[in-house]
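Multiple structures follow.
Two complexes are shown next, each including subunit A; its partner changes from subunit B in the first to subunit C in the second.
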Partner chain A sequence: MSQNTPPAAGLPPVPTKRKRPWTWERAFPFLTVLPSFVAIVVFVYGFIAWTGWISLTKWNTLTPNMAFVGLKNYARLFTEFRFQADLRNLLFFTLLFILLCLVIGLLLAVMVDRKIRAEGFFRNIFIFPMALSFIVTGVVWQWLLSPRSGFNLILKALGWNPNHLPGWYTSTNIIPSIHWGQIQFGIPVALVAVVIAAVWQMSGFAMALYLAGLRAIPDEIHEAARVDGASEWKSFWKVTFPQLRPITATTIIILAHISMKIFDLIYAMTGPGAEFVTDMPSVNMFNTTFQGQHYAEGAAIAIFMLLALAVFIVPYMVTSLRKEGD
Partner chain B sequence: MKLSKALKWGSAVAVAVALTTACGTSSSNGGNTSNSSGSSAKKVEIFSWWTGAGEADGLQALIKLFQNQNPDIQVQNSAVAGGAGTNAKQVLATRMNANNPPDTFQVHAGAELMSWVDAGKMQPLNDLYQQEGWNDKFPKQLIDMVSKDGQIYGVPVDIHRGNVLWYNKKIFDQYHLTPPKTFDDFFKDADVLKAHGVTPLALGDKDTWEATMLWEDVLLGTIGADKYDQLWQGKLSFDDPGVKQSLETFKKMLQYVNSDHASLVWQDASQLVANGKAAMNVMGDWAKGYFTTDLHLKPNVDFGWVTTPGTDSDFMVISDTFGLPKGAPHQDGAIAFLKVLGSQAGQDAFNPLKGSIPARLDADTSKYDVYSQSAIADFKKDSLTPSLAHGSAANPGFLDAVNQAMQVFVSNGDINSFITQLKSAADQNPLS
Partner chain C sequence: MAVRRLNRALLYLLLIIFALIYLIPVYVVIVTSLKSNAEIDLSHMWWLPKHLDFSSYGEAFNKLAPNLGNSFYLAIPGTVISAVLGSLNGYALSKWKFRGADVLFPIMLFGMFIPYQSVLIPLIQFMTNIGLYNTIPGLILIHVIYGLPICTLIFRNFYAGIPTDLIEAATIDGTGYWGIYRRIILPLSISGFVVVGIWQFTSIWNEFLFAVSMTQPPNQPVMVALQNLSGSQIVQWNVQMAGAFLSALPTLIVYVLLSRYFVRGLLAGSIKG
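== the complex of A and B ==
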């Protein structure tokens, strides 16, 4: 490529050679990248490979046992009540969490974008929960949605029958309850409480992304739509919304990776829950590995989580790389 | 041009320096460890999860006593906080498997200690016991819990009791109830309490082990100490009718607990008893410390205690012990510390502060409160049983599987499925 580019005017022509000598100028970038490259290869990819290897072994006691057992740990995992419950919870948590964050985030962004007074104040108010740790959110919502305190006290004061107050995250109801494998398939009611807490924390973040997206749309397009006689509603759906598609894709990816790895919120707020209605693969992984000392099974759960996440991330990376190539 | 070149050189030098110093520190580290192991009597590293209020004070008192007796040995307190020991156990496992053990570490008597013994990581302490004359200072059943094939592997420091039923004295007086001795008594009391709108039994099983602990006490009260021991040694089948009966009783008990038990932890449940919303609670005797220190209640005035139904002459033991790992870098220091731990002075310095009772039989009872004095008396005559919920009865893999099954059982109450899961847990994590 560089051979085809004409030398810039005013500079002596660069001599072109097949093999350039190793000068400082060439070696320097490599040297600066090298330490972090080595560190990442060893401490990220190396350990992922190591985890993958452990997941294929018999290491299910305190002392390492590296006998190869193939996919046995995975096969066992998928027959377990707890893991099947995890799959169900992961599916519904991810769907509800992403959907609600997108809807609420978009709504907030559109409202804040109306050039309202003290816009900065409202923007910060909505984004602020994101600055908290999930542990803090978990503890706060644990009390807000506890059957004994928080919202239920308000409901009681409003005249709700004290014997029929919602159980929130202590409920073991699953709607609809369809028998599947060892578990009941459907949305666990208890999970909704966790979704509420997670959405409270992350919808401000979705708003921030959407706000940036809205600001990036040139006013001329809106003007043109208005000149063509489109209503506000129509101009939003037909003009603004399609322009936000890349932002939506990015937001989904970011939220998906948060929801699939979620651990701290569950750990602080509910724990695995009766009948594992609020359990997640990460919590299961932690218990299995560090309390049950079933290292190989824990590693299998970790690898499963990595692959589940890859289902979301890889297509995104491929498309964005392709765009860069264009 | 000149400036950028200088910058490049500067940063290249920085990288080079960073690389060489990184190597330098690692090699000087190696030098340090080899140095210190050369003068091994000068230091001891003590590994524990004693970071909470009373227990950290107890550990400090122990260290102080140790320093008085061994002024030349430097103590390194490597206590790891968090998760009631979960974090510490994880750090310990990593260090042990990397052959980098602490000089001595905290571990529960029974299966938890034995998992290290079976892994071939521990040294026997028979000589130390002989030398210090400890063989008749601890109950024989307790020494058995820290022994395998005649070799002793741990020095017990403290004892907590698991089979205690705490009750709100004022509520019991108000309704003229007597604390239950049998399960029939329990359900009679519970019915009276329920009729008066008081929650009979407080439970907080957000962390699951609380439910497992309640069941193990019911199990002990149903099948007795001998069969209870046999069950965890793999000598009694889970098909034994006693196991089923215990689950039926346990299930019936769950009908008398607070409906929000899944959202509470054990302290919350203790609080329900303390503030009169519930009448009884089954919890280990660390709850006493919570009642008296945190909630400022008076024993025998605000709250009372009895053994859980049917366990009158049994003592469910949770005991912290310390052992000597193979390859401990400062073995002499570790043995000096174990001597202090096992001594009467050491145990009486530590236990009153932690709120536990001494593992030795010859402690100075005047140093303990009224509850502990009664527990010390029982400890001398009762038969000792290992707690499942606290890792003394069975290996961690089995316990984790039981906790998982319990998580489901407390909600669906399916006894047959629970027993099936117990059996499959024992298949995958053989009991011994």
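== the complex of A and C ==
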């Protein structure tokens, strides 16, 4: 408990406070926060509720039609080819994106943490892509992964068969292609191109978090391992890595949260893609709502996104705030 | 000892390889943007330009200048208002843990995690009703409101580090709520303002979803214009790369000058900071 917590009701108040009568000033902190709080209640919770309501109506035309249809929009969504493709893409994008960011981020953090020269220089190079917009990243990587240019030129120079160069984001291949519902289930090759761009931009974030985690581990722990004669490799996995578990959990949550919302990068780099190989719920929501004028269906996708996020964000928030209160 | 030196060399080698990989896009952007239209050729992408040619920058600037203006007009007031509100909220929530603060704060905080698609349709209706749809002030309002959770969070964590004794001493001296803020908290807040300022400026500048759904030409911020530029088939790659460079420049400059504060903002996004 911090010292400035006001005494709870029923407990004798601290002597200095008893002398002072209630004045308007006691309400100032609450009144300071109130406007922001009200704004968030309206713009976050109110608007979410309104979106939820729209998702239950017939409003799939330009002019609003608020006739109630229950969960019909949701039911239709899950049978659609495009939305099923979204779910597949979201799953594989999230898995690949998080895995690569964690592995590369950890590797970079461990290297940068070894008391190297020009540490700041290397750190800055790995983090600067985070200062960029996903739009910039998308535009640039579209050029780098263009099938007739960029990395394919290097592959060709290295002796790759020119007739079998990867199509990157233009490919419609899905590996392995397992028939499931309306779609072929597997990793779309085109999605890998987007993952590469996203990892380039976000792996520095994982590095920054891991670096903060590594620096927080007391030196004695390493000393103890060294005295025990553990090899460096062994001491990393047995001693250091377990200490990084909470950081890993936090990083996974934040990256998963970014990946579930990802919109700009896809929009700038590939769009939905042929046969929706790079589509995402966010892009689908945008097209369905604003180009297709299917507001109710768009709202249903938005609510799906929110629920999918809330499933892991709410427990994360509860545990971190509770930890803070201890 | 020899093994150690070898390990050290390998470590630097690996670091340099990674650094070069991370810089590939930078190389390609710069090299491509300095080529003339005649020199843009898919198969010579990696080559250095034969002659330095800045005409693509001229063309990109002509196309993007009004939008760059919009983005400054959007990001600067948006950042300032967000930072001031975040500071006031953070002060109230960290130094005056009034009853109910523990409930208000998490409710506010959740707002930073939502996918903005889930508020987009009502937001457009609302902005249209109050006459701010397709205006930069409308976008400023949106960024200020949805930026409240993160700005409040960063300042709340930041102020938690200011000793409570200072506040108590001032209270005994008879300094009031605003007096304490002005005389004690504000002078200690400079680096907090820098962290929040960088965070908000970068996020507002780089934001795309609100910008693309709330504005039409000529009111579009630069990221929407850049996306339109790259979407059009007739624009050459050199102009696209010059455009990407120009629109990334303001946040890159901020990053280069203040990278330490930038990273602090990044880490603050993971709640405990």
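The rule we apply is simple: the second predicted complex is superposed on the first by the 298 of 326 C-alpha atoms of A that agree within 3 Å, B and C clash if a C-alpha of one lies under 4 Å from a C-alpha of the other, contacts with A are read in each partner's own complex, and residues count from 1 in each chain.
Operating definition for what follows: a residue touches a chain if its C-beta (ideal position, glycine included) is under 8 Å from a C-beta of that chain, and two chains touch if they have at least 3 such contacts.
Keep in mind that what you see is a predicted model, and the values were worked out from it rather than measured.
After overlaying the two complexes on the shared chain, residue contacts for A:Ala131 are found with subunit C alone; subunit B is out of touch. In the superposition on chain A, contact is made by A:Phe276 with subunit B only, not with subunit C. Within the superposed three-chain model, A:Gln142 lies in touch with subunit B and with subunit C [touch as defined at top]. In the overlay built on the shared chain, the residue A:Thr170 is in contact with subunit B alone; subunit C does not reach it.
In the superposed model, A:Thr32 makes contact with both subunit B and subunit C. Judged by the touch definition given at the top, the superposed model places A:Phe290 against both subunit B and subunit C.
When the shared chain is aligned, no partner comes close enough to touch A:Val103: not subunit B, not subunit C.
Looking at the shared chain after the overlay, A:Ala75 reaches neither subunit B nor subunit C.
One of subunit B and subunit C touches more residues of subunit A, and that partner is C.
On subunit A, the surface patch touched by subunit B in one complex and by subunit C in the other comprises residues 28, 32, 142, 146, 148, 290.
Residues 24, 28, 31-32, 35, 60-64, 81-82, 142, 146-148, 167-170, 172, 270-276, 287-288, 290-294 of subunit A touch subunit B in their complex.
Across the complex, subunit A is touched by residues 11-12, 14-15, 18-19, 22-25, 28-29, 32, 42-43, 45-46, 85, 88-89, 91-93, 95-102, 104-111, 113-123, 126, 145-146, 148-149, 152, 164, 167-168, 172, 176-178, 202, 205-209, 212-213, 223, 226-227, 230, 237, 240-241, 243-244, 247-248, 251-252, 254-256, 259, 262-263, 266-267, 269-272 of subunit C.
Of all residues in subunit A, only 2-6, 16, 25, 28-30, 32-33, 36-37, 39-41, 43-48, 50-51, 54, 108, 111-112, 114, 116, 122, 124-144, 146, 148-150, 153-154, 200, 205, 208-209, 212, 250-251, 253-254, 257, 260-261, 263-264, 267-268, 282, 285-286, 289-290, 295, 298-299, 301-303, 305-306, 309, 313-314, 316-318, 320-321, 323-325 touch subunit C in the complex they form.
Of all the residues in subunit B, the ones that touch subunit A in their complex are 8, 11-12, 15, 18-19, 86, 89-90, 93, 97, 115-116, 118-120, 206-208, 259-263, 395-397, 399-401, 403-404, 407-408, 410-412, 428.
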